[in-house]
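Consider the two complexes below, in which chain A is the common component and chain B and chain C are the respective partners.
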Partner chain A sequence: MSRPWWLIPCALLGLTCGEGGGYGVDYDGTWIPVIDMHLHPGDWDAIPPETQTFLASRFPFPLNLRPDRTADQVLSATGIVGELDRGGVHVGVLFAVYAPRTVGVATNELVEAGVAEYPKRLLGFASLRVDDWASAGEGELDRLEEALAEPGMVGIKLAHAHMHFRMDDPSYFGIYELAGRLGKPVYLHTGSSSFPGIALEPAYTDPAYLEPAIAAHPQTIFILGHLGYDFVDHEIGELETCIELAHKYGNVYLEPSALGSEGADPSGENYPTILRRIREEGLVDRLIYGSDGPQSPGFVGEYLERTVTAMERAEYSADDARALLSGNFIKVFGAEAGQ
Partner chain B sequence: MKRSPRAALALALALLPALPLGGCVNDDVHLYEVTLRGEIQVPRGGPYSGHVHLELRHARSGEGGLAYPLRRITTIELDGVGPFEETFLVPTDEGEGLVAYAWLDRDGDGLLCAPGTSDELAGLREVDGFPAHALEVTILLEHPCAGAEILYAP
Partner chain C sequence: MSVAVILSLGTFFLGAPAGPADAAASASAPATSTPEVAEVPDEEAPPSPHTRGLGVDVESVAHQAAAGFSGDGRWQVGASAGYPWWGARAQLGVGHGLSTAVELQSALARRWRPAIGLTSLWLDRPRVRISGELLLGWLFQVGELARRGPNAELRLRLALRLRRAAPYLMLGSQHTLLASRTTIEAASGTTVRWSARGEWTGWATLGVVAAVSRKWGIDLAADLTWVDAPATAAIPGAHIGLVYGGFWR
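Coming up: the complex of A and B.
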């Protein structure tokens, strides 16, 4: 597939591209900075064996020969910053994850260390364990609050399907109360997933089940990750529910990571269709960009290219593109993100 | 991004020593047959109608920081509340202990408490005595809309 020259992030070409010191994209003649709000650090040994096998099967040859080495190279903070550089992305956000039955564990401490190592390039989202909530929940909330007090830790990452807790269970609403009190937005995985061990029942994947939490916590910002995409059947999934929630609640934002990748959207039609629907609904001011990288070497830049292509097909203006790629993130997360 | 053919070849050659020489290794799956006998109960006065979804799970799986509870083994559907007897094959390498979780599908939609519904009951009990081929358990469905995770304390 040939790529228009202006879609290629300048850093990839080793050029200086004016504003941003080589980062950002040129969209319709306008230079736009890029913030990727969805990146996963980690290490190979903290990933369950079944998921290691799954991930290795997705690495291209010859990287699949030593998936542990490939993963550790791209999943370190240095590796991720390298991927941001290659992709032309100014700032990335690292997610902590506590999902031992699916993708594994990336601790708050790991994320904090990465952010401390690259304070001008990386921000962090903290998370918590929920699998012994009745007896350990209070302690987990305390640990989460401590993590969120660390420099550059700007939000909370949850993934009900990976962590196995119902979206509508009020037992866990203390997480949203804490988020609102601290002014830290909550990112929530919505939609299915093809990872082994995932909870695929609607109560764990369908954003409709989040409505009681959203309604009860108007001071908390909810970012609906993946827009309810069906990663199993590569279908648009629960997008309309996300749109409905965003219309109904001003504290709902939308994030289109991963769904537009080559694997998740083989035809290349779903991603532009989704972005078009959001533009038609007047909700571009709620869209925040993320890739769900690094996944494999080059993915961060590749997803940015696919996003630019999808925006063009969805007839996004330069102002729309700026809102998606960085403007809305800066609006939600404030000056911390603009450093 | 496209990697140049030369760079890809160099990387492939560098990694060649990592190729496994012994071919694939297929893990055996060890299954243990368990006949579970017992009763699904609801609070006095009901509700009684509807199918029951019964899940069998391991109590504990994984090791160290990757340990977690309630790995799902299988789910079956029973005709309703009351006595039951079912035989399961439990993969013994995937976890320890047994937990039975059940919920009553009052409206028949296959979903525990779809949005707007709040009157479907769930219950959970750890099954004592595993491993043994014949086990008994009684589960009282008394928690509205509760997932297994909130009912179990590891």
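Coming up: the complex of A and C.
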């Protein structure tokens, strides 16, 4: 019987796909399954022109001449599953996004359709519009609840900097109340961003501004995406605030996506430093893996490879690696989500 | 690829000893004829001063295409298609070791660069040619990464002259001057600021032009380009082209 084609890129990446058709990495002699909790499906036409330009500039020539074609290949559910296969990742989580002025819109319906198409490979996070909250907020919460009732929709995605609402604005706390009531964790983008049109003031990026919401909703799990990383200056940013919040509140989890990419961490030093700090602080059991892919072809696998390297440099044990790459996700979202 | 095919290709490009067909042609030719004259009939063309010493009367268009240079009184046109680069070029030998060129270059029909050029033949040996070329043009790119501006390119070509093939290496350094407009929308009003920046593209093409006849040639090459280096990574490409030429005086 011939070997599956995806074993080849896995082997090239130093990754070992599991036996019996599984996926994962070989870390220190231990096979570990991988769940990538941060992936963006999309529709090129729903992305604002400035962001299209930004994304196109990240593609290699000549793919950057027709970024719409490239994007459609990797941003569809089929394209993302292909990227998961290439990277040795078993399960991926698709994020809905409603940020029409910055990164664009990926609707709940788009995510639901992707999850329905690949129910064994994809899960979904729903989101909502907040740009007309005073008059449309109630309706948006109802729509969010409906979306979360769909099969495979396991959490809520928010990005204050992209969506232009303050982290400490109690007007929006109803989102966290809903999340707690439904038992759906909330993922929050923290730190700055290099996308055009982002709100870069601390109230939109600094996770310290989330503390009132975290404290007021102990039943809600808050996942601090990107660990407050400074994507503009490629610096570690507000990591210590994230660590402090995780120590202080048992409902805080940490997610290290994108910050270890070649573009965000050109020296390759920040990612292992961050993982080492988290290990030293005894917070590895709060760390959930995500890549922020697919971005460009091959990124999902490349980020996993960089994560493995960073874990080795941060002296993670095999148990630590398992906790980061899939164990903590299964703990938070339930065993069924990790199957 | 079979051994027979490899051998036949080697014979085509390198001019190995004549096979049965060549032997028949040679048998019908006068005893004093060279194999080249027997194989490729002179198309009533005058000899070119640039082919002296090669044992042929008229140099094929393929050899001139590989060098990017047309001898005095000669012209040629060519077109190529590939991924991502497409192109068309016409060149005209004007004597004094110079030829002129008009060129259109495109990548995926989104990036275009029409240009005019002047080529100087720096080294002209029976088996080796080195030429330098200056092209002046205008770059315009449409789509998400739209840009436009004046463009200049320096090229260096090394071309070998085998019997019916001309392997070549072309190195290019392409520079474009781009204007950037920054619009700042503030409460006090909108400010527009202009600034200039350069785009550099490094270029290497490694290929071979095969002479189908004296007037026709087929170009096969790999294109290694680094567009907008070092900001952007690039994927290598390849092209196939056709060249055709003759004499204008």
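By definition in this document, the second predicted complex is superposed on the first by the 318 of 339 C-alpha atoms of A that agree within 3 Å, B and C clash if a C-alpha of one lies under 4 Å from a C-alpha of the other, contacts with A are read in each partner's own complex, and residues count from 1 in each chain.
By our rule, a residue touches a chain if its C-beta (ideal position, glycine included) is under 8 Å from a C-beta of that chain, and two chains touch if they have at least 3 such contacts.
Nothing here was measured: the structure is a model prediction, and the numbers come from that model.
When the two complexes are overlaid on their common chain A, residue A:Asp142 makes contact with neither chain B nor chain C.
Once chain A of one complex is fitted onto chain A of the other, the partner contacts of A:Gln52 are limited to chain C, with no touch recorded for chain B. Contacts of A:Asp132 after superposition: chain B is touched, whereas chain C is not reached. In the superposition on chain A, A:Phe61 contacts both chain B and chain C. Greater residue coverage of chain A by touch, when chain B is weighed against chain C, goes to B. By the touch criterion defined above, A:Ala203 reaches chain B but does not reach chain C. By the document's definition of touching, of the two partners only chain B reaches A:Glu302; chain C does not. Of the two partner chains placed around the shared chain by superposition, neither chain B nor chain C is touched by A:Glu262. With both structures placed on the common chain, the touch criterion links A:Glu280 to neither chain B nor chain C.
In the superposition on chain A, A:Asp233 contacts neither chain B nor chain C. Common to the chain B and chain C interfaces on chain A are residues 61-63, 65-66. For chain B in complex with chain A, the touching residues are 1, 8, 11-12, 15-16, 18-19, 61-62, 65-71, 111-115, 145-147, 149-150, 153-154.
Interface residues of chain A, counted against chain C in their complex, comprise 49, 52-53, 55-57, 60-68. Touching chain B in their complex are the following residues of chain A: 12, 46, 48, 61-63, 65-66, 69, 86, 100-101, 104-105, 130-135, 164-166, 168-169, 171, 197, 201-203, 208-209, 211, 297-298, 301-302. Touching chain A in their complex are the following residues of chain C: 83-84, 107-108, 110-111, 141, 143-145, 225-228, 231-235, 237.
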